[in-house]
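Accompanying notes for the structure given below.
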């Protein structure tokens, strides 16, 4: 099997199957020309195997390589970066088929296959896609086995079963390594996949929020250590928008900058302990209830009380937080921030400004003004709808005094403009509100359609206060959720006919949906999220203190133990162990050999016994006793009695002087 | 019963001097329901042994002297027209005895040899279309001269295989020969021999042989011997499965003679030269009489345990 | 330098002889099996390292998952590769002699007692190893071929048995000495048949090939192994009378003698000519005897006689 061994049929079969399975999950994000390329190469290789075609010549290969590089350049505009890299990898993976002559080439191809499987994980790491990836992994392993098998072997399924068996054998060991291998931070930064993501952005116009409200995608899940608080208390802050240009709200530059300073705040009242598993957003901010105190490795509290991690969240991220909902936030407001939160663009919404001045005169007290404003929203015929009329140049004027139809972004935006015009520092908070409780899993599911905008204004000495004008207009939005608020209108998830959340009205399906979500949640929490702090906590609960030495020792010991168990199971040494009689006979033979009596090959027990008795008359009795017992058990078919045999053997040993017993 | 058997062996030894081992083997052969081939020069006591065995075991005895003009009918018997009854009447040949001594079997033509050997194999005789069973027990002792002089037809391997054992008596020891010369003539001694066993006792003993236990360890030893004889280059051909069966059967009879209800490797070794010697042939030896060296090799080299 | 290497090799052979003593039947166990990763195995480790780096940099637990899985597979492969050899029994089988220039066939038997074995490779490097599979509880006859270059005993030395099954990441191997050997006869060389000079007593007949033992038909007798197959009475066999041999009486004093002294050429050439003569005479059914310095084989026409002659020719002058 040395030398230029050819590729057996079974291996080729599994290799082609594995290649198909490996490529399929990538089809969503690679250029379409890869599919015909793959089909042509696969077909060509099969024809080569059937000896109907030849391997391509050098110039054909060169041409193909140039073509593929050009194709990548055309499709991605570059050959670096994750997406272009993956396309290039897949193209090479496919082209390598035409170069696969010998076992070594096939081996390289299989190794590449494993690599491609991992790149698929970077794009999609759900439970389903992982389960799917077991298929290509097992097929690649089968191809690896097939390479070693005889070329006359014609049973591909047997090979696959063998591969599956080997993978199962490796499974416990893998889990051990997975649990104990310490996770270290990235060694260097890597290009990340460009994936279109829905979610909050750094700036917001009402249309963006409306767009978001039509998406049933998951934003994050939250598990509380205690009971889940009432929905109207669940205002998940993502970021604050304090800069208004007349149409859009966005983050001001000071606000956007990370780690300017941590605003002063005082812990007060009850504490909420919870864990959040966030879907990737591509943005650095994390979702939290006010006021959160993040651990250092999770992120930092920013100047506007949002929590921000060091790097954008490109993969599902699991973190724990503690929040003090009743904390006093920034009782003294620095001038910079004060000015920032009073700024309004000139030339917009004249009517609103006039009305604000009117209110200011009417209510000199800030608190009274805010209350009056909220009451205004409550009393006047404002209407909550996801299908607001189109607004013109002075959007807030039109909204407040003409159309009076809109949703959270309209209400929050308008209210902040009024407050700022009245001289009260205020800003829009963007985030999510409420969520869906998964009863069985006792956790909260927050979807994109739970996206919400609300208002916070600043009171001297009391700090920032949150108010939600939407609550005044459509309390059901806050208490029961968006679906309830839009019950009359029927616009809930209009564009998303297949949304799982639509199943909420069918109890059985809804239960299934929630159970499936719970499974996914646990997958993300315990498998994908088993990193850093999570791992540390888990290991601590098992090992007590965790240090490198102890971890390493435990790991090595456990691996050795597992391998030993596996070896015992695989090799079944007890089957190879000679029966007791033979073992004791060998012992006695060794003893007697030391005394100068060696049994000849063709010598039976009885004759040997007689010879030994003559040669060592002093021990004749014990020698005779042993061999009688031996003969009884081996030849006379009497009950095999290991103990009797051992006793006889021991008697012989004890009858010898001590220096002759063991040698 | 075994005591009786020992007494029988002792009586034979009284007549056949200094051949204890051979006598024992011959008795074992009888117990195992096999047939015996004795290869020796004339006058070594082959006839005496056969006769003594017959007498002591209480068997009817017939001797057939094989010559080149011996016809199968002389062995098996012929039908003769009886004038009185007007019918053919079968006159049974000498083979219809319980112990048949086929003397100098290699002097007869292959045809006559075959008549005897087929009868031995089948335990019955078919003459002119009618089948006649041979007596029970039926024990053939054939003798042949070792030096193939002119006018002999050596038994081929396939025929040799039908004898359970092949013995050679050899010259007696000086002491035994002295006794022989000083003592009473064998003929007189023979006349004084009394049957020690009867038919029923012999049948019981023969039925005991297959019941002797042969455990796996012994079976494995027999298999090792067979395999060694097949795999070794110095063997022209190895032990046939029939040969292996014969070896086990003989070993069982030997164990029974030793008063044991189970076989040990030493039993196999005791009967090995007699049972295997004529069933194997040395590669380099065209004449086919070098079995003894091979047997010694088997005894020495095949692991007994 | 060379002597150092030779000493090293001798020491290695001695060590091997102690550890795996020559035997006609060898069961492979932990004393006899060696195992190391193959080049592919090292490549696999490289792949795992790459995957691990990817996993660390992307903080991707699924990538960790696969990297660890493959690492575990690597570890498990040690046991499985060892298992794919352990417990296998190799047994010597007798070989058939060949002539110089032919491919000598050295058969052996593989016995699988407790499990089946796949993709075993056997041979004498640097020659290419040949593959074999054995089913559980079965045995397989494997025929290994080596070119027979010299007359005499061809002893190929220790046999390499190896397995890379199942994954090719490790190679487990053993060197066993099954005492395999094959007798190589001299290559037959056509030419005049070197007959002994009989001197005066055969004068009247002259030195000619006499169809000794073929003139007087004596009768039939049953076939015995070793009989010349050319004398089989096939007609009788087809009538169902068994294998019979036609017997002829040769006339005494007319035996043909092949003689080393009367052959021409050097020693090897003479042996080759004698070999050819032995084959020719046997094929024609002649009885013949042969004389080599120190060896004399009495005339016969049997196959075993031919073999004895060829053996004597093959081993002539060689240390035993």
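Read from first to last, the chains carry the letters A, B and C; within each, the first residue is number 1.
Quick note on the criterion: a contact is a pair of C-beta atoms (placed from the backbone, for glycine too) under 8 Å apart; a residue touches a chain by one contact, two chains touch by 3 or more.
Just so it is clear, the structure is predicted and the values come from calculations on it, not from any experiment.
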item	value
Selected interface, B-C versus A-B, where C-beta contact pairs are more numerous	A-B
Identifier of the chain whose CA centre is least distant from the whole-structure CA centre	C
Rounded Å distance between chain A and chain C, as computed from the means of their C-alpha atoms	61
Distance between chain centroids, defined by C-alpha means - chain A, chain B (Å)	86
Inter-centroid spacing, chain C versus chain B (mean Cα positions, whole Å)	40
For the chain B and chain C complex, residues of the former touching the latter	110, 153, 156-158, 231-233, 236-237, 281, 283-284, 286, 288
List of chain A residues in touch with chain C within their complex	1-3, 103-104, 107-108, 111, 114-115, 117-118, 121-122, 125, 130, 133, 137, 141, 144-145, 147-150, 153, 162, 166-167, 169-174, 177-178, 181, 183-190, 315, 527-531, 559, 563, 566-567, 570-572, 575-576
Chain B residues touching chain A - in the complex, by the definition given at the top	213, 215, 217-218, 261-266, 269, 298-305
Chain A - residues contacting chain B, complex	582, 585, 599-607, 631, 634-637
Interfacial residue positions of chain C with respect to chain A in the complex	29, 40, 43-44, 47, 50-51, 53-73, 75-77, 79-80, 82-83, 86-87, 114, 118-119, 121, 128-129, 131, 133, 162, 164-168
